[in-house]
Amino acid sequence: MSLWSRADGRAIDEMRPVTIQRHFLEEGEGSVLVKFGKTTVLCVASFTEGVPRWRKDSGLGWVTGEYAMLPRATSDRSSRESVRGKVGGRTHEISRLVGRSLRAAVNMQALGDNTIVLDCDVLQADGGTRTASITGAFVALADAVNWAVAKGIMKPAPILTDSISAVSAGIVDGHAVLDLPYEEDSRADTDMNVVGTGSGKFIEIQGTAEHEPFSRDELGTILDLASIGNAQLAKIQREALLGENAIDARIIGGAW
Amino acid sequence: MSLWSRADGRAIDEMRPVTIQRHFLEEGEGSVLVKFGKTTVLCVASFTEGVPRWRKDSGLGWVTGEYAMLPRATSDRSSRESVRGKVGGRTHEISRLVGRSLRAAVNMQALGDNTIVLDCDVLQADGGTRTASITGAFVALADAVNWAVAKGIMKPAPILTDSISAVSAGIVDGHAVLDLPYEEDSRADTDMNVVGTGSGKFIEIQGTAEHEPFSRDELGTILDLASIGNAQLAKIQREALLGENAIDARIIGGAW
Amino acid sequence: MSLWSRADGRAIDEMRPVTIQRHFLEEGEGSVLVKFGKTTVLCVASFTEGVPRWRKDSGLGWVTGEYAMLPRATSDRSSRESVRGKVGGRTHEISRLVGRSLRAAVNMQALGDNTIVLDCDVLQADGGTRTASITGAFVALADAVNWAVAKGIMKPAPILTDSISAVSAGIVDGHAVLDLPYEEDSRADTDMNVVGTGSGKFIEIQGTAEHEPFSRDELGTILDLASIGNAQLAKIQREALLGENAIDARIIGGAW
Amino acid sequence: MSLWSRADGRAIDEMRPVTIQRHFLEEGEGSVLVKFGKTTVLCVASFTEGVPRWRKDSGLGWVTGEYAMLPRATSDRSSRESVRGKVGGRTHEISRLVGRSLRAAVNMQALGDNTIVLDCDVLQADGGTRTASITGAFVALADAVNWAVAKGIMKPAPILTDSISAVSAGIVDGHAVLDLPYEEDSRADTDMNVVGTGSGKFIEIQGTAEHEPFSRDELGTILDLASIGNAQLAKIQREALLGENAIDARIIGGAW
Amino acid sequence: MSLWSRADGRAIDEMRPVTIQRHFLEEGEGSVLVKFGKTTVLCVASFTEGVPRWRKDSGLGWVTGEYAMLPRATSDRSSRESVRGKVGGRTHEISRLVGRSLRAAVNMQALGDNTIVLDCDVLQADGGTRTASITGAFVALADAVNWAVAKGIMKPAPILTDSISAVSAGIVDGHAVLDLPYEEDSRADTDMNVVGTGSGKFIEIQGTAEHEPFSRDELGTILDLASIGNAQLAKIQREALLGENAIDARIIGGAW
Amino acid sequence: MSLWSRADGRAIDEMRPVTIQRHFLEEGEGSVLVKFGKTTVLCVASFTEGVPRWRKDSGLGWVTGEYAMLPRATSDRSSRESVRGKVGGRTHEISRLVGRSLRAAVNMQALGDNTIVLDCDVLQADGGTRTASITGAFVALADAVNWAVAKGIMKPAPILTDSISAVSAGIVDGHAVLDLPYEEDSRADTDMNVVGTGSGKFIEIQGTAEHEPFSRDELGTILDLASIGNAQLAKIQREALLGENAIDARIIGGAW
C-alpha cells in the first residue's frame, strides 16, 4: 500500500486546486466561475421579486437551482438536451440537489417575497461537477443577497444561516481519497458526495457503492475526508466573499 | 421526551407491517406486491434475452429499473406524466436509484447476455415508496433469475451476490425514528434512505437535512435504525422467497 | 361446426369469470379492481369540487376518463408512454371512449359544480381491457357519487341515470362468440365492443371487420350476444354495489 | 312532425353534393380533392417500395393513413398540433380509423413488399370530415395502385378486393337523417359513422349516444340510411375512377 | 454562354406563371390559393379581436404568420411535424419571415386591438414556397382587413401602408436568374429571397452563397432581377384585389 | 445631425472592442472565447471521424453549428429550452445560419470522411450574438482542422478556402452604423447581418426593415460599413491564429 499513489500526485486528503472568480460576467446578481482542477462551472444567480404561484402569500422566499452541461464539456460531445427535447435523469437529479442544498442555508422568512435562481452551467467536466456547482452557487447566492441588501430590497440580517459547500470522497483501489477527478470517479468502488455547512454539519449525504458494498467503517473514513474538504472550501468561499469587493458580512449568520 | 409517541403508536425502531406477495399477477417473470403499511407497490420483473446496444459484446448482463406512481396513489390526484409529455425529476431520480441499487447485487458476468427490467408502480403512497420499491423489486428480480435458471437459460450459480433492501430513517420532532410514513416524512428535520445488503453492508445512503443540518452523531443514530430495519426486511424477503414456491437457493450468494 | 369449441371451453354466449372488488385501496373516492378472466384493471374515481375552465358557470358537472397499461401488462414488456414522451393513439382512443361512455349515465345538472375523473390502469391484459375498464369504472363512479352524497356535497337524487357496462363480441373461426380473450381477439374476423345500459339500450357500438367485411345478419347475432353479456355485467355490478358496504340506491335511477 | 325539415332543405336520406376531383395536384401517386358539401379534404396517396421494419419478410404490403386539419378549417382557428408538440386524441383516433378501413379492402399479399400512405388533410370542415376522408382516400389509393401497375411494379390483379366508402347517419330532433353537417352533428342524440364496401357489407360501425341511449330499432333505421349513402358514394367513386383517365378496372375485385 | 437556356425555357428575368385565387374557401376572413408555377400555397387569414397578452394595453394590433408543408408537397413524402412532436428549424425560420414581412406593411395603431394570423400551408412545393407564401398572404391579409372594415370593426383608413410581395433570384450556372424552381434552386451558387414593397423599397433581403461567395456586383444584378419580379407581383396582387369582389382601395396606402 | 452621437461614443464605422481567446478550455479540438464588447460567446469545435448517415459514401465531410444562450445571458433570465422541451425559432434560425456560413469556407472533399460540430454558447448577450458566434466559430474551426492535420488525420492542404467573419450594420435614428449593441439593435429601423470572407466577398446577407422599408442607396451604405467591419475581423482572426500557438497556415487558402 505504501507504493500506491494518485495519478495526479495528490495526497489522499488533498483537494485539487480550487479557484472562485466572482463577477465573472456583468449580467446576473451573482456571477461566479468556479474551478475544481479542470472542472469549470459558471454559477449565475438571478434575483427576482415575487415567488412562484404555489408559494404565494406564505411570507416565504424561494431558492432553486438548474444544472446543465455544455455539449463539449467532456471529452466526447453529447447532444443538447434542448435538441433531444427533454432533460435527462442525471440533469434532473443534480438540479434538484443544488436547489435543495442551497435552500438549507436560507432563512426563507428573511428572504421574504423574493426568488433566487442559481444556474450552474458546466463549461468543462472532470469529475465533481455537482460539488463544484454547489460550492460556486453558494458564492453567487451570497452575492445576489448582498446585491439586494445594497439595493435596500432586504435588510442586512443573516438571510443566509451558514455557508454551504460540497465535495466528493470515495474509495479507489481500496484507498479512501478526497475530491475525485473523472479518472478516479469512473473506477471508484464507492463514491460519496457530501454537502456540508461552514460550521461542520451535514446538509446532504449521497453515497453509492458502485462496485462493492461498503461498511460502516469505510463510511466513517470517507466522511472524515469530506469534512476536511468542506472545511477548506468554506475557507476559500470566505476569502472570496470577504476579499476584493467584500460583501456585507452581516448577511451570513452562524460562526461564519 | 418520555411523553412523545408516534402518531401510529409504533416504537421508534419498529417497521410498519410489511407484506410481500409473490406471483401477484401471471404476467412477468417476477410479479410482487409489496406493502409497507399503506404504501403499496407492484414490482414486476421482465426478463429478456440480449442486452442494450451500448452493452453488446461485453459478456455482461444488464439490470435496470423504472418507477412511477399511478395518478391517484396519493390523497390528491396528480396528472399523468405521459399526458404531461415528460418524466418528472423525482421519478427520474428514483428510477435511477432502483436500478443502481439492484445492479449492486448482480453478478453481471453470471447474468450473461440477458437483461432484466424492474417496473415499480406505486398503487398507493404513504411515505417510503422508494424503499418499498427496492425491497419488492429485489424479490421480483430473484424470481426472474429463478425462472431463467429453471428454464435452463442460466446455470444455478449465485447470480445475485446478496439480498438488497431499503428503508428510511430520520429525525422527527427531535426523535430518530425508523420507516417514516408520509405524516412523519413531510415534517422530518432529516430524512435518510438507506439501501443495504442482507449481510449488513451499505449500497446507497441518501440523507437530506430538510430543515436542520445534522451532526455526525445524529447520522450514526439514523444509520443504526436503518440497519435494524434492513435486517428485518432481509428476513422477510428470505421467508417470502424460500416459503411457498421456493426459489432455488443457490442463485443468491453470500451469507444469505 | 359441432366439433368446434373455444380454447378455454366456454359456451359461445358465456362470459369469463368476472369479479368486482370495491375498496381495493384506501385512496380514491372509488377504488375498484375488476377482472374479466385474467384481464385485471384498477379503476379509481377521484372526486373534486369545481369543473374545468371551459365548463365554468354552466351549472353542469364533468366526468372524464384516463386509460393506461402498465408496461408489463402483456406478455412482452412495452416501453412507458411517459418515457416515450407521448400518449399513443390507442391509449387516447380508449381514454376518450371511457369518458364518453360514463358521461352518458350522468345527470350533469344533478352532479353540479363537481368533477369526477376515472383512472383505469390495466395491471394485466388478456383481451377486453376497454370493456373491463368501463364496467369497473362505473362501479368506482357510483362509489364516488355515493361518497359525495354521504358527505352532504350532493343530495341523494338519481345522479346516475342508469348503470353502464361494456363487453366485446365477435366472429372467430366463423362463430359468433361473447367476451373475447386475447387469443380469440387477435384472430377474430370481426370484433365489436358494445357499451350498454342496465335497461338494455346502447351507449356506444364499435365494430370492426378485422379480416372480412360483415353483413347485417352477422351484426345482429353479435349484438344479441353483447346484450346477453351486458345484462350479466349489470347484475354483477348491482350485486357489488348493493352487497357489503351498500351504496345509497337512490343515486342510480331507472329500472336499476 | 310533418312540419319538420332539415336546415339545408335535404330529404332525410339525401347526401350533400359530393364531388371527387382526381389529379388535383401533380405530386402524389394519387391526389384527390373530395367534397361533401362544404367539407373539403385533400387525400394524397404516397407509394413507396418496402414495408415498415416490423412487417419485413412477411411477404405482405402495408397501408396506413394520417388525418389532420388545417388550423382554419373551422370557423374558429385552432392552434397547430405541430406547434403544440403533440397529436391530439381525436386526430389519432381518426388516423387509425382511416388506415384500418382502407386496409380492409387491400389484398396485402398482392400488394407485396410495398407501402401506401394516405394523407387526409382537411382544408375545410363542416361535419363528416372522417367519412369524406375515407371516401376520398379510397380513390387516391386506387390511383396509387393503378400507377404501380402501370409502372410494372405490380401485376394487374384485384389488389383491392372491393371499394370502400363511409358516411354518417344519426338522430336529430328525433328524426333519423343521413350525412350530418356540423349544424346537425353538434346537436344529434345519436351519431353513427359507417364504413361500407361497394358490395354492401360493413367494415366499421361506430355509433355513439351523444345525449340519449339508443334502441335496437333506432340502430336499424340508422344503418338503413347509411347503406343508402354508401351505395351512392360507391357509384360516385366508380364514375370518378372509370371516367376521364380511367384506371385499369382489373385492380379492383368483387362485384365492383 | 449564348447557348445556355433555362430548363423551362423562361427568360432570365421572367417569372413563372403566377395566379392568385381569392375566396378559395369559405372559412377564413381571407382565403387565397397562390401559384408560382407548380408551387401551390393556401394562405388563410384569421381575424380575431384582441391581441396577445404581452401586447395588451399598447393600443397596437398584431400580425403573425405560420408556415407549414403538407407531407406530400414534395416528390418524397416527409413525416408530419405534429407526429415528430416538434417544428423543424426551416419551418420556424420561414414562419418568422412571413410574420415579420407582413408586419412591415401594417399600421399597427390603425389595426387597433385586433390580431390577424396568416396560415400558409404549402400544398405543392417546387421552389419559392416562402416567396409565394408572402405574396399570397398579403392578399389574404388585405381581404381580412377589408372584411373588418366592411363589418365596421375598423375605419376605412390605410391600415396597410403598402403592398408586400417576395421573389427569389440567384445565380445558376453563372447566370443570374429570377424566380428559381426547385431544379434551379438546388444547384444555385447563390440564392436570394427579396421581400419588397409595391413602391419598390426593400423589407427583407436574405442572400446565401450556397457554393461560391458572391461579389458586390453579383449582388447588384440579383437585386435588379428581384425588383423586376416584385414589380410584376405587385401588379398581379393589385389586379386580384381590385378585380372581381374588389376591396375598398382606401385600406392600402402609398402609391398603391 | 452633427450633434448626434452613439451612446457608447463610437464612430459610426467603429467596431466595439473585439477579443478572441483561443484554447479557453482544454476540451474541444478548438475552444475560443470571443467578445464583441460585452457580448461573450464560447465557441467549441468538436472533430469526429465519420459523417452523418445521409452523407455516407459521398467522399465529403460535414460541418454544422449549434447556437444557444445560457439562461442569464441577458438582463432578464429566460427559461432553458431543455426545460421547455423544445428549441425556439430564433435558436433554430441562428444555428442554421452558423452552420451554413462556415460550410461556405470548407473544402468538403479535403475534409474527407470527417465531421466538425461548432457549438456557440452565448454566456453574455449585448447584441450581435450571431455575428460574434460566426466570427469565433471560424477560429475554433481552424484550430480543429489544424489539430487534425497535426494528428496526421488530414494532409496540410487548404481545407478552409478562406476566412469567414460576420458583423451587423444598420440604420439607427437615421444614421448608418456598424456593429450594433442591444441598445441600438432594439430600436434600429433596419438591421443587417453580413457574413463575409477574408477576401471581401459575401457569404450571407440578412437585412430586415424593422420599422421602415429601406432603399437601394441605404442598402449600399450599410454594406459599405459591414465590409469595413469584416475586414477588421479578418485581421483580428488572422492575428489570433498566427500569433501564439500559431496554426499551420497552409490549411487556409486564398489571399488569407
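Order of writing sets the labels: A, B, C, D, E and F. Residues in every chain begin at 1.
The rule we apply is simple: contacts are C-beta pairs under 8 Å (C-beta built on N, C-alpha and C of every residue); 3 or more make two chains touch, one makes a residue touch a chain.
Chains and their UniProt names: A, B, C, D, E, F = Ribonuclease PH.
Since we're looking at a predicted model, the values are computed, not measured.
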Work out which of A-B, C-D or D-E repeats the contact pattern of B-C, with more than half of the residue-numbered contact pairs in common.
D-E
Would you mind pulling out the distance in Å between where the CA atoms of subunit B (Ribonuclease PH) average out and where those of subunit F (Ribonuclease PH) do?
52
Residue ranges of subunit E (Ribonuclease PH) touching at least 2 other chains are 85-87
With touching defined as stated, please give the ring order of all chains, subunit A (Ribonuclease PH) first and subunit F (Ribonuclease PH) second.
A, F, E, D, C, B
Subunit F (Ribonuclease PH) partner contacts - residues on subunit A (Ribonuclease PH) that touch it in the complex
25-28, 31, 38, 40, 42, 44, 46, 48, 66, 68, 70-75, 77, 80-83, 85-87, 91, 117, 119, 121, 123-125
Which residues of subunit F (Ribonuclease PH) touch subunit E (Ribonuclease PH) once you look at their complex with the stated criterion?
86-90, 92-93, 95-96, 100, 104, 162, 192, 196-197, 199, 201-209, 213-216, 219, 223
